[in-house]
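Here's a structure for you.
All chains are identified by letter, namely A, B, C, D, E, F, G, H, I and J, in their written order; residue positions are counted from 1 within each chain.
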Amino acid sequence: MRGEIIVNYIGSALPDFQVNAYQDGEVKALTADDLRGHWSILFFYPADFSFVCPTELGDLAAHYAAFQKQNAEIYSVSEDTEFVHQAWHEQSEEVGQVAYPMIADPAGDLARHYGVLDEAAGQAYRGVFILDPQGEVRSYTINDMGIGRNAGEILRTLTAAQFVAEHGDRVCPANWHPGEETLKPGTDLVGKI
Amino acid sequence: MRGEIIVNYIGSALPDFQVNAYQDGEVKALTADDLRGHWSILFFYPADFSFVCPTELGDLAAHYAAFQKQNAEIYSVSEDTEFVHQAWHEQSEEVGQVAYPMIADPAGDLARHYGVLDEAAGQAYRGVFILDPQGEVRSYTINDMGIGRNAGEILRTLTAAQFVAEHGDRVCPANWHPGEETLKPGTDLVGKI
Amino acid sequence: MRGEIIVNYIGSALPDFQVNAYQDGEVKALTADDLRGHWSILFFYPADFSFVCPTELGDLAAHYAAFQKQNAEIYSVSEDTEFVHQAWHEQSEEVGQVAYPMIADPAGDLARHYGVLDEAAGQAYRGVFILDPQGEVRSYTINDMGIGRNAGEILRTLTAAQFVAEHGDRVCPANWHPGEETLKPGTDLVGKI
Amino acid sequence: MRGEIIVNYIGSALPDFQVNAYQDGEVKALTADDLRGHWSILFFYPADFSFVCPTELGDLAAHYAAFQKQNAEIYSVSEDTEFVHQAWHEQSEEVGQVAYPMIADPAGDLARHYGVLDEAAGQAYRGVFILDPQGEVRSYTINDMGIGRNAGEILRTLTAAQFVAEHGDRVCPANWHPGEETLKPGTDLVGKI
Amino acid sequence: MRGEIIVNYIGSALPDFQVNAYQDGEVKALTADDLRGHWSILFFYPADFSFVCPTELGDLAAHYAAFQKQNAEIYSVSEDTEFVHQAWHEQSEEVGQVAYPMIADPAGDLARHYGVLDEAAGQAYRGVFILDPQGEVRSYTINDMGIGRNAGEILRTLTAAQFVAEHGDRVCPANWHPGEETLKPGTDLVGKI
Amino acid sequence: MRGEIIVNYIGSALPDFQVNAYQDGEVKALTADDLRGHWSILFFYPADFSFVCPTELGDLAAHYAAFQKQNAEIYSVSEDTEFVHQAWHEQSEEVGQVAYPMIADPAGDLARHYGVLDEAAGQAYRGVFILDPQGEVRSYTINDMGIGRNAGEILRTLTAAQFVAEHGDRVCPANWHPGEETLKPGTDLVGKI
Amino acid sequence: MRGEIIVNYIGSALPDFQVNAYQDGEVKALTADDLRGHWSILFFYPADFSFVCPTELGDLAAHYAAFQKQNAEIYSVSEDTEFVHQAWHEQSEEVGQVAYPMIADPAGDLARHYGVLDEAAGQAYRGVFILDPQGEVRSYTINDMGIGRNAGEILRTLTAAQFVAEHGDRVCPANWHPGEETLKPGTDLVGKI
Amino acid sequence: MRGEIIVNYIGSALPDFQVNAYQDGEVKALTADDLRGHWSILFFYPADFSFVCPTELGDLAAHYAAFQKQNAEIYSVSEDTEFVHQAWHEQSEEVGQVAYPMIADPAGDLARHYGVLDEAAGQAYRGVFILDPQGEVRSYTINDMGIGRNAGEILRTLTAAQFVAEHGDRVCPANWHPGEETLKPGTDLVGKI
Amino acid sequence: MRGEIIVNYIGSALPDFQVNAYQDGEVKALTADDLRGHWSILFFYPADFSFVCPTELGDLAAHYAAFQKQNAEIYSVSEDTEFVHQAWHEQSEEVGQVAYPMIADPAGDLARHYGVLDEAAGQAYRGVFILDPQGEVRSYTINDMGIGRNAGEILRTLTAAQFVAEHGDRVCPANWHPGEETLKPGTDLVGKI
Amino acid sequence: MRGEIIVNYIGSALPDFQVNAYQDGEVKALTADDLRGHWSILFFYPADFSFVCPTELGDLAAHYAAFQKQNAEIYSVSEDTEFVHQAWHEQSEEVGQVAYPMIADPAGDLARHYGVLDEAAGQAYRGVFILDPQGEVRSYTINDMGIGRNAGEILRTLTAAQFVAEHGDRVCPANWHPGEETLKPGTDLVGKI
């Protein structure tokens, strides 16, 4: 089992990229710099005009205000073009409620970098990456094709990551939510919990 | 951004391995075969006798019956030896409630295979991998060192993965829980959700 | 100028591939075998829901009967998914008239093989390849992004290629159309035309 | 199908070369610089004193004034020497009408660069390349040996390429001819054509 | 038997490293510099909370004053973390008497450098290395897993090494102890002993 | 510190070799097979007719009966020839008492294999290797040039190794001597010593 | 001057090849087998319709009967096609007298094999190769571009080569012609001539 | 037949070399510089004291005045030493008439460079190279071992090469001798000879 | 000084070779087999018709009977041809007395194999190799160019080599001649001479 | 037989080295510089305390004054240490007469450089190298193990080498001794001796 190549995205930096995103009837270019200075949620999904995808985008849209309150921007990403994002946004009721940027990644640059591109299908796995304001990954989850995600859990993990970023690690107990008690680490705690 | 190496664990098979695990006052050997035939939760954590770790193990212990009801076994994994697992289990009240196998991975074989070994620290990142009865990964999450996990969300994802395994993908909407309505995919749904 | 790599598709065989195609409200899988036994027109274009593309697809749709009469099938190809083809077909009046299969090539397999994939954009150049019933290329044209093609000239070239396939080369004079006089080659013609 | 070498001549620059060309009873040397500053048609054909070739050269000769009016020069190219071009021009009635330069490429430099050299035969495929005033390819077609080309279609494509060069891409609908209506791209057109 | 790779640690320098060590209720970082300026005993053992190990650590603890009198520091090293060292120190009567630093080497850096890491087990062989104040090895012993060491012999070898460091080699007869007679080398001794 | 080459002789097998040895007025050939079937002490020293060396050989000679009683043979090894061993044996009073075989290793085969050959000096370091009846190393010590060894400690380590060979590892406490109490390992001992 | 690559065609065998040749109003294919069973003269020249070339071909044509009488066939070779050979034969009075096969080598296979292809010019140097009935070279001459050859000298060399083939080497004095005295080699001749 | 290495000596420069030559009772050193400034005939032959060789050297000796009149020096070359050249010159009547330098090439430097060294025999093939005053080859002939050369033809080729050097190529008809009519090249001659 | 390539000819076998040798008015071929079955003296010298060489050959000729009596054949070797050997033998009084074979090695095969070829000069160093009846070298000497050898010493070394071949090594004292006392080796002689 | 590696020590320079030598009751270090400025005899022999070796050393000792008179130093070399040289010198009557330096080469540096190290035996072949005052080899002889050398012949060769060094090569006839007539080379001698 030795000698294998390892990829762990925790702490890895944003790649250089330039993509188009559809938001609010406009197409605009986004680069890595646009994802710095605030927390980011990169939310990959397989394909526009497919089935589970709109419910996930809608679930996120319903929590969008809460994410913005935490100084976080959501970016949905699929391998479709910006033309298709616009057409889908105009046609689908649920997708039509999306107010965050919908990134077009037809060349696969972002999906390939984050290891979620299914090269044989030309589609992205359901991956979600939480990036800090430096653009470094602090948490990520990848599900097989049909398994939907949970916007509430993403939000909970985001707030825990923000707490650790402020107070240092070794502090957040399991399933911690903001406002709950935290731990103060020290040699006096060894074996005492 | 082209030409980079990609690691995506979705669908990847179990490696060959042999480890010791402490459970119920006993030390026994585990191999890949022992993780087949039922769903498995591989739950990596940094170190015995450290701070966040016991609360996460306790959170899982509290949901253990629900996991077992779903035909799933939980395996906690750290880079400590079985001697240390036993000593911790005997000494810590919260860890003492753990009834699932605690795998000792001092050679780092499992953590290295699943990309969660911090080689410089000799400790594992907080990673959780949901494996189906064939030992293939269906979902995984990796958090930075201090960010605790949520046993309830792991259970929800497990049940969604089991539903997809039975009924095919393109079916589970976001944040789906057992008993909720699912989708029946077809060309008539394109652009209609 | 010596030593460079050469790619000339004349006479090159079909690659192995499997793609989905949308046709007549259905999605079906196509492989290389489906393109053998009749002449094929592979018609690449950049993107669904973009501008020049529907007029080209409509121009071909208007000549579809003539191609079918020549035992030729038309296959339009873009890097969009079958979901998007369906949505576009349902939404665009001009594309709605398309009766031939619309191939979805999101992984870029066909476009990459035939040298028309713009990797940076994730879109295909405007290339058209005329394949004989063995799947070998007999003529091809590639235009820069904005330059539209001419269905009538494709049809004329197809018929010339079919005439040569039947009667041998060295026979079709320039801009030859079916029914026009052809040449009978021989040493008596050398320098006499 | 991955990992193959790709050659796409769209946008590729002129190679360095020096060849002799026969025109109007004279032999003169041509280099890449002579092909810059105006649009160029590189018109490859297999062999002097063969059959289809004179009719293609004659078809082009008949359209020569129209090409010149579009600020384009025609260059026919074969693997014969300038001595042979002269002898053929003097002997063949149809070739005798050619007023554009007839390039001698006996070393195969141009044909090899543009991928149209049949190395086993020492002859060129029937390829036509439309170059802009920078010497970059904007459109090209390659036919199998016996399939003649159409001077009118070359002229139509040239004018479309010139229109795009002036007004940007995403504008020329299929089979567009000068004077016909063109498109003005914008997000308001998505899915509306 | 020629051409094989040789590793002999005599005279080899300290590697760069940073580890944590538990001593006297505190965890502190140690680097190579901390091991220079005095003689050092690196005492590797397989695992905390295992069987032979505490008796060896206790044997050394009993001789600690004598080592300190010789200007030597003892460093015990295992692949366990500092958390485990603390827990063991607090729980085991024999280990509780250890006053020298207990190095935590969970990443295996020291054990791997000195060739005593059993990679398959993630544990260290029973190796002891005597380093001079420059950090260079002057004597070392490696035993198979179950074979305990002898603190008295380590002390005897240390004093012999110190005598040689002061008076040059070719002087200490076998099983020499401080105060015993030594040899003065010269050509007159050749063959006379 | 990663990626370095490791040599650990514990458990390594005898190399193939053929050497001459002087014993009891005779020169005889020795191969690897002669070192199997009993325990062996390979005792390397720098040079015949030098200073510390005869006292070490004499120390071993004085313990020879005790080693033989433990079913162990002693083999002294230097890089001198058998002619020199004989001459030294005849001339030196202390070496004259040696009754075990004195191996001549002028080609350096044994010293190089066991990593104790100082290539620049053509002499061996003071290394002692304890081999079990299969010829595998169970313990070894290497001292810098002037540091003499202790026949009594070699004997003690031999008997501990033999005890482990018979009763399994995890049994011999530190500085154990035959007849002293040993440990019986089990989970009930974890943390109890 | 050492280490350079050497090519010496004496004794080298015919390559595999297939070319067209024009002879007596016909075009026929020639392969290596057609050049075996009789002596062959491979007569390379730069280009049809050029200046020195027809006088050389005419000089050979005038000696053709003498070559045939010696069981030798003449093959002229240029890089022009068979179409051009025919046109030249029909148009030039001097070339019109050629009755031997005129090989077309537009792919350069023969010229490249025999080292007489000027790759930059796409023309052959003036080389003449005399092949025996096994197709092996017995004599060859290569002149720079403008230097004409001498059919009479080729004939003289052919007859000398035939004499040696029959009677062994070391026999033909300088400028020997058939019927002249030859030498009978032996040790009695050493230093006597 | 593609991809083979080509050696064509036409136009190749003199290598650096230093050899001894016997001439007129003296041995002197020759370098490349000595062969520049006049035309040179390098005349290789297999061996001194052998059979055909003296007749060839004598044939050249008889034409020596004519070569000198053309500003050309003759250099005979064999793989024998200068000692042997002297002995042969003194002993053989025919060789005794040689007044040009006889180069000794026992190391094979010249013969190997010009591709005429039979490495297995240590002898040179019968090669003759005509070099212009820059030391570049303008014509060369290589015969198999027993086939003698013709001094008259060498002289004829030399004068043709000199004529071309002065008046440019494309001028000397076949078997041209000084004083005969030459050609004036131009497009008016194409196909007229 | 480590890692260099070593060539030591003691014990090395004869290479495969075929050379011509002049002896007694005849030229005959010699191969490796001809040098087996008796002892051989390979006597290399720089060049025929040079200065020191004839005196060395004459010195050997004077001892020829004594060598033959020892079942040894002498082979002189230079890089000259057999033609030159014959001419020299006929012309030089001293060389004329040579009755042993004079090998011609113009290709340098023997001299190169035995490391005595001066590649820059194309001549052999003064080397003498004594080969046993198996063709293996038992002694060899190489002198710089001008240093003559001594036939008597070669003979003495030959007889010593033959004595060792019969009675084993470790027997012939320095400067031993046949009939003189020899040594009987045994452990009783160590240090006694 | 081509392409093999050649080692010829004639003219090769001294390597860098440092060795110990025993002379006159002292051990001193020798480097390459100590062997320059006078002629040197490097006299390798297999082993101290063996059989033929003392007689050879004694033979040289008896000629030592004559060598010194020729400005030459003798250096005997074996793979034994300086301790062993001293012991042997003190014990053996014949070796006790040696007054020249006895080099200890236990690391094999000199023997390996001069190609006389038998790596399998760790002993040197009987080689003798005559070095000029620049440290370059002028003559060398290597004998198989048991064949003794002749101090007188070494002395004769030394004086011949010195004569050549002073008067140039091509002068010393075979078996030349000082005072005997020498040769004056010139073209008048060719073939006259």
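Remarks
The rule we apply is simple: contacts are C-beta pairs under 8 Å (C-beta built on N, C-alpha and C of every residue); 3 or more make two chains touch, one makes a residue touch a chain.
For clarity, every value in this text was computed on a predicted model and none was experimentally measured.
Looking at subunit B and subunit H, not one chain touches each of them.
Homomeric contact subunit F/subunit J is classed as same-residue, with over half of its interface positions used by both copies.
The rotation that brings the Cα trace of subunit A onto that of subunit D spans 70°, given to the nearest 5. Averaged C-alpha coordinates put the centre of subunit G at 63 Å from the centre of subunit J. With each centre defined as the average position of its C-alpha atoms, the distance from subunit G to subunit H rounds to 21 Å. Distance from the subunit G centre to the subunit I centre is 50 Å, each centre being the mean of its Cα atoms. The geometric centre of subunit D is 40 Å away from that of subunit G, both derived from CA atoms. Residues of subunit C in contact with at least two other chains: 2, 49-50, 83, 86-88, 91, 119, 190-191. Taken in their complex, subunit J has these residues touching subunit F: 47-50, 79-81, 83-84, 86-88, 91, 105-108, 119-123. Note for the complex: subunit J touches subunit I at residues 1-2, 4-11, 15-17, 49-52, 54-56, 58-60, 88, 91-94, 109, 112-113, 115-117, 125, 137-153, 156-157, 160-161, 164, 168-176, 183, 185, 189-193.
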